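Written out below as structure tokens is the structure these notes cover.
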Amino acid sequence: MKTKMPNYVSTTNACKLCKPMGATLAFRGIECSVPFLHGSQGCATYMRRYIISHFNEPMDIASSSLGEKHAIFGGGPNLKQGLKNVTEKFHPKLIGIASTCLTETIGDDLPMLLHEYREMTKGNQDAPILVPVSTPSYSGTHMEGFHAAVRAVVGALTEVSAERTNNIAIIPGFLSPEDIRHIKDISSRYNVPFTILPDISDTLDGPALLEYEKIPHGGTEIPSIKKLGSAAAAIEFGWTIDNIDSAGLLLKEKFGVPHRRLGLPIGLRETDVFFQTLQDLTGLDTPAVYENQRGRFIDSLADGHKYVFGKRAIVYGEEDLVVGLTSFLAEIGVRPVLCASGGKSGRFEHAVKSVCEGLVPEIPQIHEGMDFYEIEKLAEDLEPDILIGHSKGYHLARKRNIPIVRVGFPIHDRIGGQRILHIGYQGAQNLFDCIANALLEKKQNDSETGYSYM
Amino acid sequence: MQKNVLEERQNQVIRKEEGANLKISCDKESTAGAVSQRACVFCGSRVVLYPIADALHLVHGPIGCAVYTWDIRGALSSGPELHRLSFSTDLQERDVIFGGEKKLAAALDELIDRHKPKAAFVYSTCIVGIIGDDLEAVCKKVSEEKKIPVLPVKSEGFKGNKREGYRAACNAMFRLVGTGDTTGIPEKSINILGDFNLAGEIWMIREMYEKIGVHIVANITGDGRVEHIKRAHGASLNVVQCSGATMGLADMMKKEYGIPAIRVSYFGIEDMAESIYAVADYFKDDEMMRKARQVVKGELSIIYPKIQEYRKALSGKKAAIYVGGAFKAFSLVKAFRLLGMDVVMVGSQTGTESEYRELQEITDPGTIIVDDSNPLELSSFLQEKNVDIFVGGVKERPIAYKLGVAFCDHNHERKEALAGFIGMLNFAREVYSSVMSPVWRFMPRSEAHNED
Amino acid sequence: MKTKMPNYVSTTNACKLCKPMGATLAFRGIECSVPFLHGSQGCATYMRRYIISHFNEPMDIASSSLGEKHAIFGGGPNLKQGLKNVTEKFHPKLIGIASTCLTETIGDDLPMLLHEYREMTKGNQDAPILVPVSTPSYSGTHMEGFHAAVRAVVGALTEVSAERTNNIAIIPGFLSPEDIRHIKDISSRYNVPFTILPDISDTLDGPALLEYEKIPHGGTEIPSIKKLGSAAAAIEFGWTIDNIDSAGLLLKEKFGVPHRRLGLPIGLRETDVFFQTLQDLTGLDTPAVYENQRGRFIDSLADGHKYVFGKRAIVYGEEDLVVGLTSFLAEIGVRPVLCASGGKSGRFEHAVKSVCEGLVPEIPQIHEGMDFYEIEKLAEDLEPDILIGHSKGYHLARKRNIPIVRVGFPIHDRIGGQRILHIGYQGAQNLFDCIANALLEKKQNDSETGYSYM
Amino acid sequence: MQKNVLEERQNQVIRKEEGANLKISCDKESTAGAVSQRACVFCGSRVVLYPIADALHLVHGPIGCAVYTWDIRGALSSGPELHRLSFSTDLQERDVIFGGEKKLAAALDELIDRHKPKAAFVYSTCIVGIIGDDLEAVCKKVSEEKKIPVLPVKSEGFKGNKREGYRAACNAMFRLVGTGDTTGIPEKSINILGDFNLAGEIWMIREMYEKIGVHIVANITGDGRVEHIKRAHGASLNVVQCSGATMGLADMMKKEYGIPAIRVSYFGIEDMAESIYAVADYFKDDEMMRKARQVVKGELSIIYPKIQEYRKALSGKKAAIYVGGAFKAFSLVKAFRLLGMDVVMVGSQTGTESEYRELQEITDPGTIIVDDSNPLELSSFLQEKNVDIFVGGVKERPIAYKLGVAFCDHNHERKEALAGFIGMLNFAREVYSSVMSPVWRFMPRSEAHNED
């Protein structure tokens, strides 16, 4: 069931985005930073447009804006000019520079070019930290780009430290700003400092302002990143992250920071594991507020289980998000029938199977490297009752006249994508209510009588 | 030295002075690191060809270019909707090393068999130019096999800006023109160029022309069909909405087939009326002109009173404009004037020197005129001019909203028809619906003002 | 516009509930209490059923279960037997006894009967506090019953105190458990003790359990109620509460507690006033977390204002809830065209007008004493785009093919009514997202193209 | 002395002993303060008459009684839906003091003119009895004016329990029976009594009877019509589903019109089959019996294999039952047995002594049998017996869920047809869907168990 059937040459309506986009999102979660694409102008503009459609927030991505002659003679001069201009106008503390397919293909050596630039600007007090990351869009997806950028930040900033503090690092991956706020809220209730890397909770979901911020406030503080080498442990969410893209493993290898790989804390069990991990690390019980959320969530499962039992769901999107959502669906008695992602980590199938084990009557179809044409083809036989994923599934939902519960990224046909809580007990509650109510709405609207009670 | 404007860009921002004719620097590559709002060559080609609804649009390259342009435009079709799908060869590392020609040929084969399109456009992206795939050859071969036109679009992203993309699109379309049968096309016939049928605009425009007795051969490209474009050379006149996007095609058709072209705009009452009169004028047909007057009068009698109501609420409010092509800016300046509003800033991504000159002519003293701007500049202009509403596209929207400024989408994904007479009314309503929303009074901008 | 047009004799599909029901809900918010109806068995059962349909929680209401002979000879013996049985089985600290139309009509003197019972059980250490409240269902609605019960609790429990403490009393009225939790969360961030009366946040939204609780844990603690006489101030939500039903005014009149009457803190302005009041009373600025919620909420208004502007809304339900929702709708640019309630406080019209002032192009129709037949009649000319209210509006929404955003009580055709947050900036955010997305969904589904972007 | 059971109620709870015939105390008023699950007289009348879809149902009293019964039942209609509206005289203090007759007459006048019902039922509520409104007189007067039957239902809440309400409803209906024309009713005809067409159940049952050649005169009351009830005396036989709700009407019809009645149940395979055979049997028609066998066989062949699948999963699980009428409990006990499940508790709100005797006969030793129970008792039984699924109505549901026990709604607002053959399959699926949900393993009950 692993390979796509049939194995199309072309991709139609892809279920993935390109690698540099992920990097720009990760860089946006670092304090006072500017994401920068080394490539042609269009990439930056297209990605900004795409990101804005979801977050409804300014998203400045600088570009080296290569033209025809640079493609031939190399993009170095434009890169340097661009860094200079960004420094002058934005006064960033950090510029995160991601390569693109163009500059990878013409063979620009980003680390070398940055080295030259640093030499050039030596002595400049305000010189920002430059963090390059290689993100050719012809390999991997935005998630590989995201993780690689986070790792690059750690690689560039984190310093060796003799002592080990009680600081806990959380490497959440690409969650919503609301999710990150929830993690911050959780961490505020323990008695040890936390560093969440990256942190897009303010930078991609900020207040309206009197004065335009050149760089949105918020993001992980750079001194905290520097000190991560002394952390007591690094918790990294995501079963499908490649080792070479893992910031957590880098912290372990380079600085000896104990590494805890968890799934995205979506649904009951993965959230339980997260809190158990925090308890292990801090020695403190789960704060009462979350125990109460857990209790009420479980209570609501009893109240609502019948409305979702046995309903057939197609789940799609980023691999780790799909793993987390599938885990949750299995818990509540929804039957995942297809778990699909455009990513190709090679770890997806195993992860999905693990979270399904013992809870579902039949392991769902699990496919890496899928596009929406293929999902739609498979859906014809799967008789799904509901779709769970981002806005790109709308057309399929419409075609099949079934509800879609929008989660993840991008959500551009509804407001508030940045405010969706996916994680923790509260996130599970939110997902459960959305799914059960979507199914109830469908049943009610389809019924001839329009009954008043469930 | 203007604050918030990079040194290299100082000449790309001017403030109109009465009597003076200031020179603006424009039509150049975007400054690296300036966070330009511009896209790329590929974007230009994609915009123009996108609405051809019965063609296959295959993006040859890594996944990004295809996925970021998937169904992002509001170009409607009255029939097939193949244009709304996002096709890509999704090039992988291996393809980049060994070349993507084989994959391209296989993808075309697969997709043409699957969808039976009337033609296929194959878009080059950045790296295709670099790795040296011979698109021309692949397309030719597939075309022969599948018996449909398979047209390469030379839209490598880095080879210029959007306008080069327009040119590449026109070149591709021009290969279609002249390949169809023109039998039965009446003399009083036109092609409509440069309207993309956003929110159904071209349907309204067609109706206007049909009402005065003009036959339309091809929509280029709104609600476009391959067969129509093939016989477009049978029309007597090309009516080009001058975003610049399709002027290149009109020029080539003039040269090759001797078809004259007139330039029009469908935005705003005056320009829309002028667009009808100009066609009637061209055909030197009194009956047609009489009907044209009737049509215009009829439409105006419906919308004018309503527009006056909006004007009452909006009069004296300040507007800023930043759009892709400068031509649209002219119409917007006039449209705001009709609503009694003051345009205090106007700019475009890709305006030409003559266009900026014209903007200087029609704007009031003090108006900021800007070429290829960026968020830092735009936000500072909004603040400097204390703007009430900003008109632009998706990338300008959060700048306005972040500062608590009303906004009107005038981009390619809009859901409201803004062209034609009804379009002017819609535009007024759109502006009204944003400017008059009570939410602005809760913004920091207003709260700070209230505390003064 | 005040009187209903035409003035029907009969009531069809009432937009109100009966007075004793409100009292039982209020009593459920007192620690270790049992609500008790003095009347026939059916009332208790019907109300339990109705309340369960919304809260999905056990809701035990005892009854004196009067039969035919009691209606003739008086319900005293059954009342006493019932109190004895409840005491024996539930061991409550308090029994809240509401009268019904039957016992009011036969003339049972509840205070006297309770006096007799107290005499009878004198010396019993475990004797619960007995709080009677007169709630004839032929006058007023469940809201009058709710408020009257809260006042009765204060009247029965609160003791005179010489000193004035820094304690703040909040009398929230009938909000959702999630709303009450939000108030508790807010109050936990100030440096003074708060007493929220009543508090249904746990009693009507508790966790699943190993052992059945005879009386659900939670509720306002009785010692705190006793001490309310020394409070620094009492904040009471609701513009339409009758003075004779106001617990806040009782605290003022009897104990000299300063009284602050606010609207339900729904939407921006009413929430601002609430936080301003807390600031006045505590001397502390609004905690950063709420300032941030406020900032993000306002930011979201800019992002989403276009999707709701000028949309015509019918708002119905309890008077104060409608006032709060209308205030919010006016702020976001939705046009309330009809504000309807089954209540008849006489204060409704003024309150709605006040919150609309300066924000709406035209004052909506405002009607007290409405039922759904009348709302439906008026809707024919009002061309509403959306309904805002509880589940009872579904049929109208279905008939007119417009969305309904479910708020308030009862919600029995969706899960999670008890978890809806209406109040505060976060509640406003939630309402805004729900309303904008309901309108976007309608537009998207109705569109021929099924466009992907907003 | 049983824990968690009030002293007064000790005799209302028994545990079945093999061989013994224990006496249960029942059929008495609810104990004050016991939090009985019972409703009232009004409720009983409302349940029975509710499904008559073309009648006006006006509740005379304060608003509560009407509003708590508004559209709470799943009784479907194939035509008019007047029964789904909630009509009330909404008595106010003034009316209570000065009497509600005038308001009632005016309300009837208004509503009958508005809705043109075929008849009107006027329900008394508690205080109507006390304030002494003469419903009979008002109804008579309005009936004469409006030329439709206007029938008082003497359903003052406190005058007994649900069963008195059934009686009052039957009395009201009996005034309709006999007033219609019976021309054309064939000999082999029946009335269906005691099914309320929840989730369309009566349609399935009618189909069964029609398949064997029986004509149905009146549905009483599921999908009921006033005209049909008027001519119900033309039927040869009353087939009464014996919840007790409509037996009173059958008795009166037997006495007045000599129409015999048979008691049936449509729940469970055996009982459903028996319901069909009994009718065929009554008419002593071999062909009918042959068809009946065919129908039963056909249905069984469809549902039996599927039921076996459910049985495989459910076998050995423990069930508890608490329902309104004890008659339904018989069928449920059998239905659970068919699924291989053990009934460990069974109770009802209003069972009679003979019914509880019968329950003792069909249950296993140790089974708890309870009359007029309450949440504290029920929750303790669920815990004592470590129940896997509880069957009951809305008020029992949160008790089960709070303890993490599966639940099956067998009440009047259910959306799934549980009667008939398909109903048995639905029931099995409903039980399966709750019992087999994975959520239970996360409940404190399971977690505590896992930790043992």
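Note that the chains take the letters A, B, C and D in the order they are written out, and that residue 1 is the start of every chain.
Please note the rule applied: a contact is a pair of C-beta atoms (placed from the backbone, for glycine too) under 8 Å apart; a residue touches a chain by one contact, two chains touch by 3 or more.
Please read these numbers as outputs of a predicted model, since none were measured by experiment.
The set of chains in contact with chain A as well as chain B comprises C. C-beta contact counts were set side by side for A-D and C-D; C-D has more. Across the assembly, the mean Cα position most removed from that of chain B is the one of D. Chain A and chain C have Cα centroids separated by 40 Å. Chain B and chain C, compared by their mean Cα positions, are separated by 53 Å. The distance from the centre of chain C to the centre of chain D, with each centre set as the mean of the Cα atoms, comes to 33 Å.
For chain A, the set of residues touching two or more other chains reads 53, 56, 206-208, 298-299, 301-303, 392, 451-454.
Residue positions 70, 72, 398, 401-402, 404, 443-444 of chain B each touch two or more of the other chains.
Chain contacts here follow an irregular pattern that is not a line, a ring, a star or a complete set. The residues of chain C lying in touch with chain A in their complex are 53, 56, 205-208, 292, 294-296, 298-304, 307, 391-392, 394-395, 398, 412-416, 419, 429, 433, 436-437, 440-441, 444-445, 450-454.
Across the complex, chain A is touched by residues 70-72, 74, 76, 81, 398, 400-402, 404, 407, 413, 415, 430, 433-434, 436-440, 442-444 of chain D.
Only residues 4, 6, 8, 29-43, 58, 61-70, 72, 85-93, 95-96, 103, 106-107, 109-111, 125-127, 129-131, 157-161, 374-376, 379-380, 382-383, 394-395, 397-399, 401-404, 443-445, 448 of chain D touch chain C when the two sit together in their complex. Interface residues of chain A, counted against chain B in their complex, comprise 8-14, 16-18, 20-21, 36, 39-50, 52-53, 56-68, 70-71, 78-79, 81-86, 88-90, 100-102, 105-106, 136-139, 141, 206-212, 214, 373, 392. The residues of chain C lying in touch with chain B in their complex are 268, 298-299, 301-303, 305-306, 309-310, 330-333, 359, 443, 447, 449, 451-454.
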